[in-house]
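A, B, C and D are the chain letters, set down in written order, and residue numbers restart from 1 in every chain.
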Amino acid sequence: MLYQRYRETRAYTESLCEPLEIEDYIPQAVEFASPPKWHLAHVTWFFEEMILRPHVPNYPVFDQDFAFLFNSYYHAMGPRALRAERGVITRPTVAQVYQYRAHVDEHMQRLLQSDASESVSSLVELGIQHEQQHQELLLTDLKYVLALNPTFPVYRSDFSLVSNHNQDNGWLEVAAGLYPIGYRGTGFCFDNELASHQVQLSDVQLSRALLSNGEYLAFIEDGGYRDFRHWLDEGWAWVQREEIEAPLYWQHIDGEWFYYTLGGLLPVDPKAILAHVSFYEANAFANWAGKRLPTEFEWEVAASQLDWGKRWEWSASAYLPYPGFTINEGAVGEYNGKFMVNQMVLRGASSATSPGHSRTTYRNFFHPPMQWQVSGIRLAASV
Amino acid sequence: MLYQRYRETRAYTESLCEPLEIEDYIPQAVEFASPPKWHLAHVTWFFEEMILRPHVPNYPVFDQDFAFLFNSYYHAMGPRALRAERGVITRPTVAQVYQYRAHVDEHMQRLLQSDASESVSSLVELGIQHEQQHQELLLTDLKYVLALNPTFPVYRSDFSLVSNHNQDNGWLEVAAGLYPIGYRGTGFCFDNELASHQVQLSDVQLSRALLSNGEYLAFIEDGGYRDFRHWLDEGWAWVQREEIEAPLYWQHIDGEWFYYTLGGLLPVDPKAILAHVSFYEANAFANWAGKRLPTEFEWEVAASQLDWGKRWEWSASAYLPYPGFTINEGAVGEYNGKFMVNQMVLRGASSATSPGHSRTTYRNFFHPPMQWQVSGIRLAASV
Amino acid sequence: MLYQRYRETRAYTESLCEPLEIEDYIPQAVEFASPPKWHLAHVTWFFEEMILRPHVPNYPVFDQDFAFLFNSYYHAMGPRALRAERGVITRPTVAQVYQYRAHVDEHMQRLLQSDASESVSSLVELGIQHEQQHQELLLTDLKYVLALNPTFPVYRSDFSLVSNHNQDNGWLEVAAGLYPIGYRGTGFCFDNELASHQVQLSDVQLSRALLSNGEYLAFIEDGGYRDFRHWLDEGWAWVQREEIEAPLYWQHIDGEWFYYTLGGLLPVDPKAILAHVSFYEANAFANWAGKRLPTEFEWEVAASQLDWGKRWEWSASAYLPYPGFTINEGAVGEYNGKFMVNQMVLRGASSATSPGHSRTTYRNFFHPPMQWQVSGIRLAASV
Amino acid sequence: MLYQRYRETRAYTESLCEPLEIEDYIPQAVEFASPPKWHLAHVTWFFEEMILRPHVPNYPVFDQDFAFLFNSYYHAMGPRALRAERGVITRPTVAQVYQYRAHVDEHMQRLLQSDASESVSSLVELGIQHEQQHQELLLTDLKYVLALNPTFPVYRSDFSLVSNHNQDNGWLEVAAGLYPIGYRGTGFCFDNELASHQVQLSDVQLSRALLSNGEYLAFIEDGGYRDFRHWLDEGWAWVQREEIEAPLYWQHIDGEWFYYTLGGLLPVDPKAILAHVSFYEANAFANWAGKRLPTEFEWEVAASQLDWGKRWEWSASAYLPYPGFTINEGAVGEYNGKFMVNQMVLRGASSATSPGHSRTTYRNFFHPPMQWQVSGIRLAASV
């Protein structure tokens, strides 16, 4: 059954690439967004390096160079390909990367059909979760690079990522009290969700609906991007330095707002849920509206009563270790802990998140100016 | 009595400048450190702009240009002098800035001896606290610029800021439980300390002593600056990009460690308390030592039983609003809230902090790579 | 016959691309080096925009977007694709670019077989010369991007560009006197070769051989890259800032020198002619050797007696207009004149230069730090 | 008599500083402009290091640190103070630098009254010329830093540098022919003027008048800064990147043009001679006017019939060695040769040039975007 999940995850990654031309697999537009070819190979390298090499006797490594080219941030594994240069590595070809995937899949199949050890299973589960994370990044990174093309290429005309509407409205009240936070189940979770503990909340209410494009347009039209009073100091510097005037992918053309989507350039739908805002924008909007963002703890406590999963929701919480957080030994231990500074937590999941890859305890995190994830806004208010 | 405090604060600022040559008042070495002339004028501008102009009928402004030149970050007050250019503004001269101080002092004296209104008193108190904050920055900024001089100028030979030793040792236990956090007194505090609330802690112990230079040298000698495993990812990038190999002001000369102090270049005293480390270094040291930094809440709960006040202590907490934090109307409201992102909280006080300017609820904050404050390390451990 | 040359030139461009994978057509590694796909399309755009659109009634433009995407620096033609972003434009695909070429070729054929007008012919000649220039850049840009790949991809194993040896030796004397400079023939030349005029030379001798790798190794081994005295001030800053220690593509591996070539990674052949040095290196070597570089005028006067054409030869001359230089009206006039500052002239031709695309009056030019052309050194000495 | 010139030169430097406050001696606003304190000390260091130390037995060095602090670009003399950090060196104080000058002057007096050797005399002459060069830079660098002050400080109300008018008009014809270029006298000249040689000119005419502000305003008003066709490619990039809209120090206030001068902010005088333009601007204006800049050779041949000396005049010539140029041995040899790349020659002299420091063979040179010298435009035209 684990093999079944492995196989489905691998197949889903490749299905995401079906609409691509070979050319689309190559470029890296910015340091934070990687090319599809790299994602395809990197998740495969994870299985080869973390599982097949240590656990399969005489495993024939597909190509020694790949460990160097498709490692990401795992310092413990030796020299990395410079992140900034991923887009200039034309060889191996895309075809060779698919061969690499097939080679690893074949050996994974043999291993999973013979080895039921707990240590292998938990690494395979981590590898599946890891590949699911890269499925989402593959989509958001691809959108970023296609959006730079003045011809607005269409990935799939039925696949915009940003068209969904709210199903719910009004406010949800959460009463003050001591609440448990963190993962307490028996299934998979990441290390940053562990160390379950109690957090004291004050009375708070959370919006049942996520913010819509129409509501955000009111902020734009009220001059929200031109009034420093709504903004954090660093947010205001960002707005001015980068000349930000709207969410990422929005364009003002002949007096109307359009946005680039994976389905092409479309008019902004005022009823659709807002996406592609930074933490700075989310925080500024909340200030302008006289509200605030929920903390990640308020969100987690309320989540079972919320309709979530369409947008990553910026929280008011910095990404920090839970009390009692510990880091695993070895390369796998580099997974989360070392990013716990200067990033803000996002909760929920988005329309780009792979099916099955979400939990109410899940902690996503990005730097405050990042807009390229399918990130939105849920308001809160102290009562 | 408020006037008495005003007068003492103003006089203390000027006493800090007694050892300076006129030349020392001018340069700005980096964007984050301002020249003494600017500090002297800026704190004065605060009294003129926030108190004298609005509250004294027919108050004769000393010089209209000063509002522009010596404003800092108060967007609500109109165009600012570009922060990066403070060090090129040679006029007004230092002598004129002292005349400005005398002019404002004279009018403040008249006001304070006649007007006992609550609103004026609370602004004066804020102005005093503000000037005390700049007294500390004046010293740390001055140290930064003098340290760039290869002749190692002496500010005062009896004034090193970094020579004190620990008076205490061992570990202090704090039991799990719900504790009150934030200022609940009736005296002055900053807005970021208000909104007192309860926080649930787990069992923890805090070191009674701050880290010494000798203990930190063991980390250096163990290759701590060359092993990525101790560092946050951004900390490691900082170490490599900036070629950091020791705390700020340390120099390795002919096999021995020296540090620049305001008393000149001295051999590093291994028993003295470590100073001038960044959050990245504090966190890396704690990882290396198998400990962690305390959260700001753990620190506040433990503070009454700790010997603190010699070093700003990096906490494990990001600088965020307390639940219920609200921002004052008007320019004074820009004081704290807009800096609440991407900074870490420091607790305690340092040998550069002005007398009377410290509380167990005080929240200082700086960006993670900043080393130029008199910042040190107190270790904690979950029990 | 002009059509014959057109056809051969177009076919030669495509033959250069035969060894490429689709992936190789895409990346742009640095601002100054463009992807093969862009070169293929840009030279085609030149024929469409400069010839077919103005001269063929009802010419069906292949795709309106292409004018935007594949323009280069022709401001007169409207908004350009940002040069720095060429490598992120995945669509049109490579296949579509070849269709674009076929479409333009078909219409060019019709035009050339019907219109013998002088104005069209001279534009076609310019287009052919322009495409030949891009053939050379296609090779040198391709080499640059492949060289970044740690697997050292082979373009063609029989095609190194840098293997040729000198056929000649000794020194050629040129006597002082007034010599004619510039193109005086009736065939094609670029505008920067026109305005033939007289230049007074002093006695000089030029090396009959170009510098070999072995001779340059003596400079390296003598510490040439570590002694500021050989270098121009900006050259020395470049060496230190970029940490230059050898010509581009050279690597010191286990005590031996190798260089990346289009035939893969090879040991440096000490007898082969040096390539891939900057003007700074050429000038520093000449200083070290007690010689100097020839001026472009000395070179032109001597050229008929020299064995040249294997390397672009850095001259001691800045790229400036000849007295009487005039700029053509319209977009074609942007060709050369606007680059006449901060660049140095190279004379001759290289092993990457297309057959037939060289003259003794030809003036090539690059910025002093550029190494990625097949550029070498010929020494001169005042007598 | 040499001592007399030494004494007058030294006194003139100090007279230029009379209007300064101590504060004005300190800041460095940009890398290319040094503080007055540095100029005062650096020219003194030249006499100490090049003359007193090698030629006076038991000469008591004033302060060992000064060689480090006040060296400029003389690599042969050991480690330099980082050029970019000159403005943060508050000690030695200004008073100490004047003591340093007095100390060196005293020893120079003794030396010059006893030693008449040719080698000392020629070094003293070089030191005098060197100090004269820095007198001009002291003024232009000072203007640059004062101009950043929004209060527009007045250096001397009778000293604007930019108020002079043309005394001459019409065009001067120079006939084609072979002309001698370079210094052929017996007095002092710099190494870059030597190696006199012959240059062949074509027929040319030079404007007898320098360009006036009024004439340049016509270019501005015609949209000259917004039309790429007038500009070199790098000049256009500079205009756009730096948002250049007028000569340095010009400000458009309420529909009128003003410029900052050392006499304060003044309305632009349309009859006064244009100053503070870059080579890019000079070249663009000439293109717009249908003329060109003269080459440095044309200028030198015409100079005896021109009224020059009010503005440095941008030539069309790159700064390159004359044929036969040789570099002196030792530190003095670094004077000129190593700057011979990427700079353009200016001929003449300016209102900031020290009396006696000009010749028709003098070759000044700056990078094409530099505006802070008192640089203007003389037009030429091929006949």
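Everything below uses one rule, namely that a contact is a pair of C-beta atoms (placed from the backbone, for glycine too) under 8 Å apart; a residue touches a chain by one contact, two chains touch by 3 or more.
Computed from a prediction, not measured in an experiment: that's the story for all the values here.
Listing every chain that touches subunit A and subunit C alike gives an empty result.
Chain centres here are means of the Cα atoms, and by that rule the chain farthest away from subunit A is D.
Centres computed as Cα averages put subunit A at a distance of 36 Å from subunit B. Computed from the mean C-alpha positions, the centre of subunit A lies at a distance of 57 Å from the centre of subunit D. Taken residue by residue, subunit B touches two or more other chains at no position, since every residue touches fewer.
Chain contacts here close into one cycle, and each chain has exactly two touching partners. Chains touching one another, given as pairs, are A-B, A-C, B-D, C-D. Touching subunit D in their complex are the following residues of subunit C: 73, 75-76, 178, 197-202, 204, 228-229, 231-236, 279-280, 283, 292, 295, 316-318, 320-321, 323-324, 338-342, 344, 368, 382. Of all residues in subunit B, those touching subunit D in their complex are 21-27, 29, 37, 65, 68-69, 81, 85, 87-94, 145-146, 148-151, 153.
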